[in-house]
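The following pair of complexes shares a single chain, chain A, combined with chain B in the former and chain C in the latter.
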Partner chain A sequence: MGKEGVNLLKLMATYDKRWGYLLLFILVLLPMIKPIGMPISVSELTKEYYEQLQTLEEGDIVLDSWSTEYSGYMELKPGMIATHKYFIKNGIKIFICLGHPEGLALVGALLEDELKGYMEAYDYTYGEDYIILGFALPNQAATLAMATDFQGSVKVDWKGDSIKGTFLDRVETGADIDMIADFTTAAGNPGLINHIVLTFGTPMIQNQIGVSLPGSYMNLDAGLITGLLASTRGGSELELLIKEPGPGLIAMDAFTLGHYLLIILIVIGNIGFFGWTKKVSEEMESTTIR
Partner chain B sequence: MIGFVPYFIKVPQVNEFANTLTNISSVVGQFTIVIAIYSQYRRSLRFIRERRKGWVYNIYLLTFMSLMILIGFTWGEHNATYMWLVNSIVAPCSSVVYGILAFYMFSAGARAFRARSLKASLLIVAGVIVLLYQAPLTGSYIPGLSPYATFLTETVGMSLNRMFAIAIITGAIMLNVRMLTGRELAFLGFAREEES
Partner chain C sequence: MEQWAFLSQIFQIFIAFCLFTTLYGKGNPLRSWAEYSYLAAGTAMSVMWAWTYIRNHAVIGLQAGELIWIPAIILGLMMWFRIYPKYSYISRIPIAFTIGIGMAWTIRTQIFTQFISQISATIVPLFDQGPMWLFERTVIAVGIITMMSFFLYTMEIKGPHLWSATFGEYFMYLAFGAVFAGTFMGRLGLFVGHMQSYMFPVWKQPYTIGIALLVFVVMLALERTGWGAKLSA
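Here is the complex of A and B:
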């Protein structure tokens, strides 16, 4: 028994990390194939974000900033889909500005693959309800130019067609933008805060990836952003609030199981550490000839 | 320092001047892409010439970098070939790298949390509370965890993050000054780097 116990403790301390990878892979994959439908709670953070969305009225203009590469999009996808569904359903006018060269791939991935049917259902049309300006916010200089002289700095959309005669005629400066919706990884475009939020007092909401949330919490705490949607979890909660289930809610089962597996492995690792690693190193120290 | 002032004192002239400086730095910053491309070619070609570890990957890197630049400049970003490269090469590679990171972070989390000392034990307790709260099912069944997790994230985590941000920004300013004064050249590929 004693020997078996020691072996088990050794296994807990020295197991091959690839077993952890395999378990995680299985636990993430299975609920994706066959969702369990575990209940989820809605955080205060997401409720505040939703309340900010509700302040918008039909016809309001939103600067829709996509400062994310394709990899980050995979994490922001539920939040992006849910937020855009809200815009479409409520007749909010958006102009999409990319802040990352990889954003080009997102136009097809989000608007064509995910939202096309939804836009058709609500008769949400290009030029009348939304416009894609392309890689229009690469840096602070471009953001400043757009904020101070919109008509002078932006004349065509991403395909080179004139934006004259569209809802963007109403935008002269940042003061004419009713809200900024920023979908970003890491710091995103600081120009949005520096040149639009601080100068014109335009409210800004943000959907941020998990590892960069602490940075966004600082901006939320300081009142620089008024709503924060946290990663895939926040996206799934928003899906629940707007009653539009999507990829976020499907991912939540895997999210829960992945977190629990990590906690279990931390506990196992610590049992192994005290039962084997620490014991062995103490024994080695006591037998060392000084 | 002029860039800091408008955040604390509202003087339109200073604000305008700070904006102009930001504008100048952004425009100058865009030109650094030329130096970045030059440095990458120079570094990768040296790796290939000297047959250093991983030199084959540098051929792959240079090939696709050249291809993207060539097609982008010649036919523009809406060209079908360019879009195919973005959608079929860049996007999947980007997703794969991100996906793999999750496994590394998971493994690192599971192995790093060891109660080797009192401080490490406190870290584990805090980590487990936040992890439990972040798991949607627990958040639903044990709402009492929320104030503790929120305190750890928004008070402890945020203060540490602020400290981290200040340290990084200070370091970046110092590094930039050293680079501008010619004391730090290895980053730009102008000085010979140590064998990796």
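Here is the complex of A and C:
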């Protein structure tokens, strides 16, 4: 019994970590094949984000910044879909600016694959309600130019067609933008805060990936951003609030099981460390000839 | 067209699982091929978007008679001398220009966003918004002070300073734990998001599971035969 116990502790300390990856694959895939439907709650953070969205009125203009690559989009997708559904449903006018070259793929992935039917249902049309400016925010210089002289720095959309005669005629400077919606990975585009929020006082909401949340919490606390949607979890909560279930709520089963797995692996790893690794290294130290 | 869309979806799933084989920890040609293909596609996309940006701003601006773009284009062209060692010093001029502008707006803005605003948000009234607010703000204030005391290296740490530094150290451990939890949540979010895009719509599920098994078997076969390491880059 004693020997078996020791072997179990050794297994806990030295098992092949690739089993963890395989288990994670299985735990993520299974609830997608057969959903469990675990309940989730809505955090105060998401409620505040939703309240910020509700301050917008029909016809308001939003700078829609996608500073994310395709992989980051996978985490932000529920929040992006839910936020854009809110914009579409409430007649908010958006101009989409990409801050990452891979954003090109998102135009098809989000607007074509996910929101096309929704936009048709609400008669949300290109030029009248939304415009894609393409890779318009590559750096702070471009953001500053757009904020101080919009008409001088932006003349065409992503396909090279003139934006004259559209709702963007109303935008001269950052002061004419009613809100910034930033969907970002890592630091995103600091120019939005530096040159629009700080100079014109434009409110800014942000959907951020989990890894970069600490920096965004600081900005939220300092009032530099007014709403924060945290990762996929925040997106699923927003889906609940706007009553539009989507990929976020579907993902929550896999999310929860993945977190359980991590907790179990941490416990196993710690038992293995204190029960085997530490003991073995102490024994080796005591038997070493000095 | 529909057939093309179907094939592109299947290819997307296949290349994704080829990349996932990196988790196995041993080199194989599937991973190398997927990785280099991704790099090539990403680079091509960056070049294409950079050119689109130049066209939409500088070219169209010039066509509209905005001569201000001429010096900008010249500075941009000078940057190309970077790849020619004999004349690479010419590229220093646009680099100096860029650094100068960057410094100017950093001093103008970052001092507010990264410094003054953050300090202002820390020094706030404690007692006017309920007990939870009091608790949160106290934790932030105590955490900042004790953690900063941990980083005072120019004096011997002893007495009350030692207690404060130790307290600050444990605050940092708590923060690291919170950051790790956030990181795991974020990475899991990425993974789940990707898996969703391979599992939905539902017709993709048999293909995804089939491709995953196929890639796994091929990877194992390559490893067992020794070809995996030989053919990987």
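In this section, the second predicted complex is superposed on the first by the 290 of 290 C-alpha atoms of A that agree within 3 Å, B and C clash if a C-alpha of one lies under 4 Å from a C-alpha of the other, contacts with A are read in each partner's own complex, and residues count from 1 in each chain.
Going forward, a residue touches a chain if its C-beta (ideal position, glycine included) is under 8 Å from a C-beta of that chain, and two chains touch if they have at least 3 such contacts.
The structure displayed is predicted, hence computed values, not measured ones.
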Exercise for the section: Label the relationship between chain B and chain C on chain A in the superposed model as either fit or clash. Expected result: clash
Practice task
State whether A:258 touches chain B only (first), chain C only (second), both chains, or neither.
Solution key: both
Practice task
Have a look at where A:224 lands relative to chain B and chain C in the superposition and call it first, second, both or neither.
Solution key: second
Handout entry: Touching partner for A:245 - first (chain B), second (chain C), both, neither
Key = neither
Exercise for the section: Examine A:215 and indicate which partner it touches, taking first as chain B and second as chain C; both and neither are also allowed. Expected result: first
Practice task
Have a look at where A:74 lands relative to chain B and chain C in the superposition and call it first, second, both or neither.
Solution key: both
Practice task
Quick one: classify A:127 as touching chain B (first), chain C (second), both or neither.
Solution key: neither
Practice task
Would you sort A:193 into first (chain B), second (chain C), both or neither based on which partner it touches?
Solution key: second
Practice task
Using the superposition on chain A described above, determine whether A:29 touches chain B (first), chain C (second), both, or neither.
Solution key: second
Practice task
Using the superposition on chain A described above, determine whether A:102 touches chain B (first), chain C (second), both, or neither.
Solution key: both
Fill in the blank from the handout: Shared chain A footprint, chain B vs chain C, residue numbers 21, 24-25, 71-72, 74-75, 102, 104, 134-135, 138, 140-142, 144, 194-195, 198, 214, 218, 221, 233, 255, 258-259, 262
Fill in the blank from the handout: In their shared complex, chain C is touched by residues of chain A numbered 18, 21, 24-25, 28-29, 32-33, 71-75, 77, 98, 101-102, 104, 134-136, 138, 140-142, 144, 153, 155-156, 158, 160, 190, 193-195, 198, 209-214, 218-219, 221-224, 231-233, 247, 250-251, 254-255, 258-259, 262
Exercise for the section: Could you please specify the touching residues of chain A with respect to chain B in the complex? Expected result: 17, 20-21, 24-25, 38-41, 43, 69-72, 74-75, 102, 104-105, 108-109, 134-135, 138-142, 144, 159, 191, 194-195, 198-199, 214-215, 217-218, 221, 233, 236, 252, 255-256, 258-260, 262-263, 265-266, 269-270, 273-274
Completion exercise
Per the touch rule, the chain B residues reaching chain A in their complex are 6-7, 15, 19, 22-23, 25-27, 29-30, 77-78, 83, 86-87, 90-91, 94-95, 97-99, 102-103, 106-107, 109-111, 113-116, 124, 127-128, 131-132, 134-141, 143, 146, 153-154, 157-158, 160-162, 165
Completion exercise
So, in the complex, the side of chain C touching chain A is made of residues 23-25, 42, 45-46, 48-50, 52-53, 55-57, 60-61, 64, 101-102, 105, 109-110, 112-113, 117-118, 120-121, 178-179, 182-197, 199-200, 205, 209, 212
